[in-house]
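The first chain written gets the first letter, and so on, giving A, B, C and D; residue counts start at 1 in each chain.
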Amino acid sequence: MKFYNVKVEERKELGNYTLLRYRWNDGPIEPGQFVMARAAGYPVTLDPFLARPFSFYDYDGETASLLFEVRGRGTALLDLASTIEVTAPLGKGFRIEPDLGRAALLGGGIGVAPLKVLGRRLDAMGVPYDVFLGFADAGSAVVAREFAGAEVATMDGSVGTCGTVLDTFATLEDYAAVYSCGPNPMLAAVKLAAGEKSLCQLSVEERMGCGNGSCNGCVVPVRGGGYVRSCVEGPVFRAEVLAW
Amino acid sequence: MVVGTNDPNLAVELCGIPLLTPLIPASGTLSKEALGEVEGVYGAMLPKTTTPVARAGNPPPRVAETPAGMVNSIGLQNPGVEIFLQDLDVFDLGIPILVSVAGDTVADFGGLCERLAGDDRVSAVELNLSCPNVECGGLAFCAGPASVEEVVAACRSAVPGKPILAKLTNEGVVENARAAEAAGADGLTVINTIPALTIDARARKVLVRGGLSGPAIKPVALRAVFDVSGAVGVPVIGSGGVVCGTDVAEFMLAGATAVQVGTASFVRDPRDILDEFSAYLKNGGLGAAELTGALRGIRPTLTGGRGR
Amino acid sequence: MVVGTNDPNLAVELCGIPLLTPLIPASGTLSKEALGEVEGVYGAMLPKTTTPVARAGNPPPRVAETPAGMVNSIGLQNPGVEIFLQDLDVFDLGIPILVSVAGDTVADFGGLCERLAGDDRVSAVELNLSCPNVECGGLAFCAGPASVEEVVAACRSAVPGKPILAKLTNEGVVENARAAEAAGADGLTVINTIPALTIDARARKVLVRGGLSGPAIKPVALRAVFDVSGAVGVPVIGSGGVVCGTDVAEFMLAGATAVQVGTASFVRDPRDILDEFSAYLKNGGLGAAELTGALRGIRPTLTGGRGR
Amino acid sequence: MKFYNVKVEERKELGNYTLLRYRWNDGPIEPGQFVMARAAGYPVTLDPFLARPFSFYDYDGETASLLFEVRGRGTALLDLASTIEVTAPLGKGFRIEPDLGRAALLGGGIGVAPLKVLGRRLDAMGVPYDVFLGFADAGSAVVAREFAGAEVATMDGSVGTCGTVLDTFATLEDYAAVYSCGPNPMLAAVKLAAGEKSLCQLSVEERMGCGNGSCNGCVVPVRGGGYVRSCVEGPVFRAEVLAW
C-alpha cells in the first residue's frame, strides 16, 4: 500500500482527543471514508508495525484532519508525531439521499469523528439534521462543542444526560435517515432503535491489517451468511446488510 | 553481468518460467482492489489460495498486531475454484500467474490440480500444504513427510504440464522439502506463517489464534530457506518477513530463486522494496540471478521446469 | 484476594516451591555481574545452563539484532558443573535457586542431576532439552518425544528429592510436553529460542546461525504455553519475548504459573516489568496466582512438587 | 539493565560524525569505558530492539559526550533524538601507568572516540603522548582538528598521508605505551607494530547483546584458549591477552 509522508500542519487537543491537520489536495474525500495512518519513520522504524485506520474528521479541499483518542502504542506515537504517513482516502463513506428529509447523526465516543465532515456535507446539500453524542466522561465530551446544538450524554453523568447516546432521544421514528459511528455494540443498538423504516447507515469498527482489501482481516458478518471486508465494502454499511 | 550499466538485471528464471523481477506477492496478501499499485513490481502474480468449494472463513477478529509482525486467522475465505477461475482475468497484468490451492484431502488437491491443468492462464500451481488456520485442513494431514509426499505425488500426476510448487510450513521443513522433491515438486515455497496466539490482557481473552507473519519471522524463514536450498535441488521461493530490499537480497543469498512479499505490502509500497533491491544490486554490480545461493556458492539447479 | 489493598499479592507456588514473584530470569540471560540490579524482582534465581565439563562456546559473532528480537549463538559457554557449583553462592539472593543443566547424552543429564541431588542450595533442576546452538547436544537427540521421555526419566530417578522442569523447544512442543510429564517432569518451561539465521547482505555472509528470542517470538511462545498447559497437568513456566508487565499477564492467562524474563533484561530494567505487572494486577484487583489459566478457567494442578 | 533517560544538551556535527552531550554526574567515567545507548522511546517503541555500545568521547564531571557515526537504524534514530537512554559507564577502560614515559594514541575511523577523554587524562597526569589517526576520507577526518598535532592519514589521500593510521609513523619503538581503538583488523596490526616491549592496550569492537556481562555475546578469543566477554573484561585489553 502506498503511504504519503505529510507534515502535521496543526495539532490541537480537544479534551481527551487529539486533532491532527495535514495538507490533502489529491482527490476528493467522502464523509465516512478513512485513512491508514502512523507516525512517520518507515522503513527506519517498524514500530508500530501496522498502520491504524482513522476516519476523516474534517476536510476543506486543502487540508484534512483526523481526530483520535490515544489508546495504545500506535496512537501514542501518532500523538507525538510532527510528520505522519497516510494513505489516500479508503473505503465507502456515507451515502446521502438529499430528498429523504431530516437526518439523525449518532456518535459514540471517538465515533463522533466522521460526523463533523458528514454534517458539513449535509449542510451543503441543505439536509436538516440533529446530532446525538455519547461519551464516557467530560474529558471525552469536550469535542461536543464542535457540534452546535448536539444532544450529549456521558456515562458518568458529568455532562448532559447520564447514560449512552441512546438515552439522548426518545425515538428515532421521525428521522428519515440515521447515520451512526461508534463501538459495534452501540451500532447494533442504534440499528434496533432506528427500526426498518429509516435509511440507517453504520460505520463499523473492525481490526484492519491492510485497509485496501488485501488481507481479508476486517470482515463483518452479512445477512445471507458469510463475511465482507469492511475496508472496501465499508466501513459504512446499510444497517440491514449487517448480520448483527 | 550488469556492472556499470544503469539498471541492474532483475530477471530470474523459476522452474523454466522467466520472471522480470524475483518478487512475487505472497498468496492471500494482494487483492484485486490493490492491483493498480503494483504494475511492474512483481515477476509473477499469485492470488489468494483457492479451495474446491467456497469458504466463509473465520469469524472476526482475524488480525492482531504483534511486535514487528501480525497474527492472522482468515480461514482461507475464498469463493471456491469455479468462481475464482471466472474472475482470474482481473489478475492478468501480463505476467505469469501462479495459482495457490488447498484442500482438506489428497483428493481435493488432486481435483484442483486437474481443474487447473487445462487452463492456459495458469503458469504454475502452488500447493498450500501449510495453512495453520484451517485446523481440518493443511496442517492436520500435511504435517509430515508421508502426507506431503502423497499430496505432491497426486498433484504431480494431475497437472503434468505445469510446474508445481509445494509451500511448506517451518515445522519439519527440511524433511518435508525432501519429501516434496521426491514426489516431483518443481519448486518449494518456504515458509508459511508460524502458528501463534495473541491475548488481550485487559479483556482477559484470546484475541487471535492463527499464523505469525512479518519481519518478526524473517530470521526463522531465512534459516529454513538456507537449510532447504542446501538439502534439495529444486528452486526455493523465500517467504517470511521481507520488508525492504536488503531482505530480498538476504533471502536470495540464503538460496532463494524468487522472493514473496506478503505482510509488508500492507505497510509499505512494494515498489519501494523493488527499488531498494535494485539499488543493492547496482551497488554490488550484480544481477538478481547471480545472488541465489551466492553466500556459499550453492545454486539450486533450475531443472524440472515444465514451462510452456 | 487483594481487592482494594495497596500492593497486589505477587506470590505464586511452583512445584511446591513458594515464589515471592512469578518472574524468573531465563537461563543464560543474567550473569553474576548484573545481580546487583535485580534484588526483589525475581521469585527464583536461574543461572546459565551448566554442562558436565567446561565449554568454550562458539566463535564470535554470537549475537545479531533482528526485528523486535535477536539471534544468539553462544554455544553454552560455561565453566562446567564443578566450578559452577563452587561459585553458586554468588547467586544466593535469599530466593530459591533453580539450576539449568544440559548434556550431549542421557548419561550426561543423569550424571548432572545426581551431582545436584545432594546440594541443598538447589531447589529444582531445569533440563535444557532444547538449546538450538549445540548441534551435537539438545536438539540432536532431544528432538522427539521418545528421547525427551528417556532423558527426563533418567533425571527423575537421579534427583528424586527435587522438582525437575523440562525446558522444551517450540517444535513438537505438545507431544514433547506429554512425554516429559509421563516421564515424571514436575513442570515444563516453554519455550526456548527458535532456530534462526541472520545474514549480512553487504558482506554477503552468514552473520549468526542460532536461536531467535525477544518480543518477535512472543505470539509463538504464547500459543505453545496455551496448548501445553491445556494438554498436561503439571505447571508450565512461560518463556519467550516477555518485555513488559502486560506480557507477563498474557503468559499467565495463557496458563503459565511463572514467567521467565530473558532478552528483555538486556534492554530494560526487569524491575519495571514487575512494576507494570503489579499495576496490572492492582487494576484488576487480582493476585498473581489467580491469573494462571484464568483465560479459560483451566489451572494446572500444583501437584508433583517435591519441595524441600 | 537499567537505562537512564537523559536530555541531549548539545548536538554537533563533526564532519561525518555526530557528537551528543548529556548531563552525567552519577559517578566517575574511566577513559575507554562505554555506555549502551539508544534513542528514547521504550517501552512504547521496540525499534531498534537492542541498545548500542558507544565509548565516552569526553567527560568534564558534569556532562558526558558520545561521538558516533551513523551506520544503521540504531545510530540513525540516535542521530535524530532529543532524548536518549543510556546506561551507567560500563566495562574496563585504559589502564594508565604514569611513569612509563611517552605514549602513542592510535585511532582508526570512529575508533578515535575514546582517545579524546584518554588524552585529557594523560594531560592531567602529565604523561606525554602523540596522536595518530586514520580515516576513510576527509569527511571522517574532520574530527582530527579536535586532536591538536595529530598525525593524520586518509584512505583516499584527501587529508594527510595516503593510507591507514599505520602509515602515519615509522615505528612505535620509542613509545613505552600504546593505546589504540578502531576496527579489530587494525588493532591486530597495531599489536604487531607495537611489538612486545611496550604496554599496548586495545579497545576491541564486538557485537553486544547486553553490555553488562549477561549474554556472553561480545566475546574475544584469549591467549591460552577460550573466550572472555569484552563488555566486562574489556572493551580495553592488553594486546598480549588477545589471541589475535
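In this text, contacts are C-beta pairs under 8 Å (C-beta built on N, C-alpha and C of every residue); 3 or more make two chains touch, one makes a residue touch a chain.
The model shown is predicted, which means the values in this text are computed figures rather than measured ones.
Visitor: Which chain has its C-alpha centroid farthest away from the centroid of chain C?
Guide: A
Visitor: Roughly how far is chain B from chain D, centre to centre by C-alpha average, rounded to an integer in Å?
Guide: Whole-Å distance between the two chain centres: 45.
Visitor: Round to the nearest whole Å and give the separation of the Cα centres of chain A and chain D.
Guide: 53
Visitor: Just the number, please: Cα centre separation of chain B and chain C in whole Å.
Guide: 34
Visitor: If you look at chain B, which of its residues touch at least two other chains?
Guide: Each of 66-69, 214-215, 243 in chain B touches at least two other chains.
Visitor: Which residues belonging to chain D are in contact with no fewer than two other chains?
Guide: 46-48
Visitor: May I ask you to sort the chain touch graph into line, ring, star, complete or other?
Guide: Looks like everything touches everything, fully connected.
Visitor: Spell out the residues on chain C that touch chain D in their complex, using ranges where they run on.
Guide: 28-34, 37, 48, 56-57, 59-70, 72, 74, 77, 214-215, 243-244, 263, 265-269, 272
Visitor: Could you please specify the touching residues of chain C with respect to chain B in the complex?
Guide: 66-69, 71, 171-172, 194-199, 201, 204-206, 209, 212, 214-220, 222-223, 226, 241, 243, 246, 249-250, 253-254, 280, 284, 294-295
Visitor: Can you list the chain A residues touching chain D in their complex?
Guide: Checking each residue of chain A against chain D gives 44-47, 73, 76-77.
Visitor: Considering only the defined contacts, which chain C positions touch chain A in the complex?
Guide: Residue list for chain C touching chain A: 67-68.
Visitor: Would you tell me which residues of chain D are touching chain B in their complex?
Guide: Per the stated touch rule, the residues are 46-47.
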